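To start, the structure itself, in structure tokens.
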Amino acid sequence: MSLLTAPATQELLERFNQIRQRTETICAPLEPEDTVVQPIVDVSPPKWHMAHTSWFFETLILQPYLPSYKIFHPQFAYLFNSYYNSLGSRVLRHQRSTITRPPLREVLAYRQHVNEHMNRLLQELPEEKVAELLPIFELGLQHEQQHQELLITDIKYILGTNPTLPAYLPRPAQQRQSAATPAQFMEVPGGKYKIGYQGSGFCFDNELGVHEVYLEDFETMNRLVTNGEYLAFMQDGGYTDFRHWLDEGFAMVKEQQLQAPLYWVQQDGEWHRFTLHGLEKVDLNEPVCHISFYEADAFANWSGKRLLTEFEWEAATQVYPPQKGNFVESEQLEPLAANPQAEGVQQLFGDLWEWTYSAYHPYPGFSKAPGPVGEYNGKFMINQMVLRGGSCATPSNHIRTTYRNFFHPDKRWQYTGIRLAAKK
Amino acid sequence: MSLLTAPATQELLERFNQIRQRTETICAPLEPEDTVVQPIVDVSPPKWHMAHTSWFFETLILQPYLPSYKIFHPQFAYLFNSYYNSLGSRVLRHQRSTITRPPLREVLAYRQHVNEHMNRLLQELPEEKVAELLPIFELGLQHEQQHQELLITDIKYILGTNPTLPAYLPRPAQQRQSAATPAQFMEVPGGKYKIGYQGSGFCFDNELGVHEVYLEDFETMNRLVTNGEYLAFMQDGGYTDFRHWLDEGFAMVKEQQLQAPLYWVQQDGEWHRFTLHGLEKVDLNEPVCHISFYEADAFANWSGKRLLTEFEWEAATQVYPPQKGNFVESEQLEPLAANPQAEGVQQLFGDLWEWTYSAYHPYPGFSKAPGPVGEYNGKFMINQMVLRGGSCATPSNHIRTTYRNFFHPDKRWQYTGIRLAAKK
Amino acid sequence: MSLLTAPATQELLERFNQIRQRTETICAPLEPEDTVVQPIVDVSPPKWHMAHTSWFFETLILQPYLPSYKIFHPQFAYLFNSYYNSLGSRVLRHQRSTITRPPLREVLAYRQHVNEHMNRLLQELPEEKVAELLPIFELGLQHEQQHQELLITDIKYILGTNPTLPAYLPRPAQQRQSAATPAQFMEVPGGKYKIGYQGSGFCFDNELGVHEVYLEDFETMNRLVTNGEYLAFMQDGGYTDFRHWLDEGFAMVKEQQLQAPLYWVQQDGEWHRFTLHGLEKVDLNEPVCHISFYEADAFANWSGKRLLTEFEWEAATQVYPPQKGNFVESEQLEPLAANPQAEGVQQLFGDLWEWTYSAYHPYPGFSKAPGPVGEYNGKFMINQMVLRGGSCATPSNHIRTTYRNFFHPDKRWQYTGIRLAAKK
Amino acid sequence: MSLLTAPATQELLERFNQIRQRTETICAPLEPEDTVVQPIVDVSPPKWHMAHTSWFFETLILQPYLPSYKIFHPQFAYLFNSYYNSLGSRVLRHQRSTITRPPLREVLAYRQHVNEHMNRLLQELPEEKVAELLPIFELGLQHEQQHQELLITDIKYILGTNPTLPAYLPRPAQQRQSAATPAQFMEVPGGKYKIGYQGSGFCFDNELGVHEVYLEDFETMNRLVTNGEYLAFMQDGGYTDFRHWLDEGFAMVKEQQLQAPLYWVQQDGEWHRFTLHGLEKVDLNEPVCHISFYEADAFANWSGKRLLTEFEWEAATQVYPPQKGNFVESEQLEPLAANPQAEGVQQLFGDLWEWTYSAYHPYPGFSKAPGPVGEYNGKFMINQMVLRGGSCATPSNHIRTTYRNFFHPDKRWQYTGIRLAAKK
């Protein structure tokens, strides 16, 4: 993670409190019962997210930097460590839902305890010490923002697993437009492109190892693939014709009897989808969402196109700088239809994470940090695919054109979508 | 289920309200978060128990007998049916924990709604109609009592799965005695014994098909096997010597690496056990508890004895009528040491369900009732073993000497214990 | 296992050689490739059966009794021990099919080696020593006969798993009759019956613990249930109506999508079944075969009857002594239709093992022998159901009215069938 | 797959017969019993390999091109199709070992039948038709060579699973040298490199989509990592220190309790390994073999180095053209120690396939052929890692510097090894 120039303490405090508060705002509409379950192993209980992000600050900042600090509860390190082997043993991931205690209200007290001491620490710490602490402090905030996005996707899964399909929040009053935007393929010239984060702000270690790649000419779609386009694939027998699919993808389709994106249900002969605002009719102009890499790739094959690589995606943003996207601040919490009036390449930022045909591997000069921070990214660099651009659940100040998200190719519960490249 | 003479309506109402209230009392000490989880498939979420027992009254009594009745929620039948194929499709057992909605408070409202309408029904129904309704009404109460016992065992498992091992309630103030009672083997003469329920009160259909069995002379232990005796088995390598074990039992021991009863943990070199009152040191005079049939049988083999059959157990109660036992009303919620002063055969009732070496099969004249009630017992008559006598979690007015409880031989989360018979 | 009066050495030798030869005769029609596979865990490779039965004689007789004996191969004990913990570690059951070496021809050489030394031993051993050795010698022969039956059922499964459905042997020239025999229910009077082996010949330890049981009057079907009767059950939706089934049985039906007995396939709209003589049209008069206990019980429920208990079955043979049955010597290797001319109760012996509604549990006075022989039967006395009467794959001199066979209730690859009792 | 200039028919025939004969030579030392088993799902029965490669010629050449051709057996297409959905249904991969028929000798007859008809076809076909047929004919030969390598690795696994650890063949008489070659890191200058097959001979479709990549300067090890170097990693606790491992790799290590490469066993305190010549002491100078990608990567991390990417590997061969390698023709069937006298970069060809840190993905311009040949490579382009350079089990005329082999990162039964790049 890159170095940062030291902002004033007051600014740090404000950002800290704002981001921490945001986590609680996300969980406010939930029942305590919603915060403890784990319907699939990928989903963590919201209560766990809230405690885990606090444990991060407690363990990596309060304990080493605030001498008087007393840990809130001796067993919370065991309960709320996620995957840091360096930081001791822990509840195994698939058992997170068996932990009913501490209850939500005690987790909230834990958050407040950590917040108060973080505020005290930042106010009391000499400025030169603040500078030393800054990288891990910044990582803690970025980490909390990542969990905010996971909270939203996990809440969606938890509510969507309930047969009653309860809404999380109503659609925001100010309604979005939905209109058709014709697909176009926009030129990106070949040549050498510089890949990776070169700025002076924060970035993750997996964006470093800045290096050049040589690309051939290619074309990128001007927007995300829509529900209407995807429905045409479905209606053309897309889920039953093996020729479009990677072999492991088709095996998954058969085993799980997939016929449509996650959250799609047919009612009275019409496709609906569960959204965080309840069940809605599928809007043909909106981007297709909650599909696996396998489905994205099969759709691309069916349409005679292909997915971009992560390098092509990053190069495209150098040619077509991303516009303001539909991020979590819009409170839509679902992707929106593209804008027919807009020019250039839309939706590179926000709406949906875009599957690329690039494995999540280290950049040439990548190296892991020593200590627990070294476990943040590097050890996951196998069997996962890179996604780019952020989604409607991502905080807008959390994204970069160099940001590399990653999931296994079978995962569907994230806000994932498709952008095509024209085959040459 | 046998016929009943009609008690006065007022009496019925009182029993109904008392038993229904008792379920809520059991759940009162829980956090909402405790009521939604299912750490193993055998355990149901307490919230589910509370709703399921209400669904039973709603579906089998209110809907058919109260014409004006409107069901509380159209999806609750799907959510809270347990295993009645006759009553439609349902949430699969192992998915009960993914249902966070309705939350606890709505389930409590559901209970109140059902209670109010049950009260109205009983008050308004003509007396001859009450008689017609009586068998299913009585079954509903017995059913709720069975779930009360399951609630206690499931709550114990849920709390015991939390690494913080929270207590459910403190030990009741009035303390129990613990002293050693020497083991004795008491004669039961051979001959023909009549098996099954012959009274005029309520019984389950699996107690009917009254029939005679011929038994040889045998001897029964005068009390339950103690923790001290079981510890001797453990210390003698009981869990590692295949010769004591049924083959499938030893396979389970190796696969799950069993070394002690469920809930036993070693701390600072001493055995403790998780109880509903928190972690306690193992008391050597108390009955050993939470063991599988396999462990009970292995212990019996190790000690040169054997388990009783269910017929021997029932015959023993004809020779040594059970004394007042340690049932749920004592609020101990754990088995107590036998009484050194008592004569005859102790602990036949209460403390712990006693594993017998009898498969849970139909009695000779057994027949299933038509309709959903026919699914109550008969379809489970395979691969399970009979347990007798009730436990510290059983309501005292719920037990009979002819009562047949049944679990698979590997189950350990119930209040199960061991009584030996002398080998001939 | 009971004591035996000593037969002359020459007689012993002849029986030994005859039984041993029979095993090789059974395997003669196989390809070497057939002898190494294990399509399901229940089935053992024929090569393994041949070696295992030899290992039994080598380990329990030659090693202790023939001082000069040198074991054939130091690793065979590891390779060919079945389940005797007392006799050291072994290849796990489910890995038997990964053992390609020794090849068949070396196993045959092993058999010959053991046979030669057994012959030498019996000829050289002083008569008083022969008497000492007799029980384990007899057990070895009975054991080999049990494996001969398993060989036939396992060969059937192995060949039937090949998509080419190769025949094992042609139907014997002399053809069987097939005609309808009307079902009758024959009276067996209630009262006390003596159960268990009381003779002076060989029996297994699980037949001992002779004891009395008291039975009510009942009626037994005069023959086995036919394919025609079972087909009526199938055509009446037997496999889809949960009301006939034990809960675990119906779960198996749904999971495995069962629709007919094992080996039944529909071709051109007609039911055929794979037999050891190849694919044949289902004969409606022949007994239905290769059904699980669950199917037997569901059929009984559907027909308003029930299965016998093992005690009722044994009592029935005291009232209706079994006639000469269709055993392995007939070389039919499939069950035959009952005889319309015959009186009384037919097919008690031979044709098919009959599922009883009795768990395989110890008789009252049962005790395990010390040493490895104690592992023969006792440790399997859980979760299995008793079958009685032998089958078309059983040697005729291997059966007794007190013989208790046992399998888990879901097993279908044995020659299993149904006899009904009339419900009272 | 690329076009070929037409060789004379006689030459084609000779190559065909030679390659086909080679498959039978590989299987000659086996027992029939060895040819039918499948100890893990990755391994196919040798009998299946022999039939499958014949089915390929029968289905894709004889049936379409030889009008008079009669298929050998109507069910062989079902039995011996591997994964071609376009060519109908088939035995599922994990059930290949349940197919005992046809036995080996009938498979050999099938091979001969196909060979005779292929010879007739080539002799009779007009020259212009031969040209049309050439691509699929060439693919059939290459396909058979790939299965020859799989045969050797599968035979090794099958024999190595036998507790008796039988040798396949003795070590060839002419003994290999073993001496230490110091590790050196050799410069490869950065810049643009052309990747993919540009020749006029045969190549697979996955080598096409020739394109340029831009590489930074790097250094490659001059030989493969040795057993001695790997042993140092093991002795330094390599298998227990999570810091060296990818998370999924460390999970595999813990679950399978890995402590050493596949086939390593400790005897009398010394490491031995099972080879195709039987159990041998580990030679510290020989390359470490049979390790997964996870182990290769962990070793690289431990040594402060990294693996090459597939592009770096191919670039290295442009700088250091590979020397004659230890291929299958040496009959060593195991990797050999590097040559201390040799200069430059050794072992790029032969000895062991080298894991690269590159996912097996399509090259930029990759496109699948229409029809069944399109299923050859493309549908596997997910979750697998590229290996380069061929092994001691590869035919020497089957390898190219552009050849891309691929396996899942957990696989260990192939001849896989490690080459390091110096970290920058």
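Letters A, B, C and D name the chains as they come in the text, with residue numbers starting at 1 for each one.
FYI, a contact is a pair of C-beta atoms (placed from the backbone, for glycine too) under 8 Å apart; a residue touches a chain by one contact, two chains touch by 3 or more.
Chain identities (UniProt): A, B, C, D = Ergothioneine biosynthesis protein EgtB.
Since the model is a prediction, treat every value here as computed from it, not as a measurement.
Colleague: What chains touch chain A and also chain D?
Modeller: none
Colleague: Which whole number of Å gives the spacing of the CA centres of chain A and chain C?
Modeller: 60
Colleague: Please work out the Cα centroid separation of chain C and chain D, and write it as a whole number of Å.
Modeller: Here the centre of chain D sits 47 Å away from the centre of chain C.
Colleague: Quick check: what residues of chain D touch more than one other chain, meaning two or more?
Modeller: In chain D, nothing touches at least two other chains.
Colleague: Name the shape of the chain contact graph, picking from line, ring, star, complete and other.
Modeller: Graph shape, chains as nodes and touching pairs as edges: a ring.
Colleague: Pull out all the chain pairs that touch, please.
Modeller: Here the touching chain pairs work out to A-B, A-D, B-C, C-D.
Colleague: Help me check something: in the complex, which residues belonging to chain C touch chain D?
Modeller: 31-37, 39, 47, 75, 78-79, 91, 97-104, 158-159, 161-164, 166
Colleague: Where on chain C does chain B make contact in their complex?
Modeller: 83, 85-86, 192, 211-214, 216, 218, 242-243, 245-250, 293-294, 306, 357-359, 361-362, 364-365, 367, 374, 379-383, 409, 423-424
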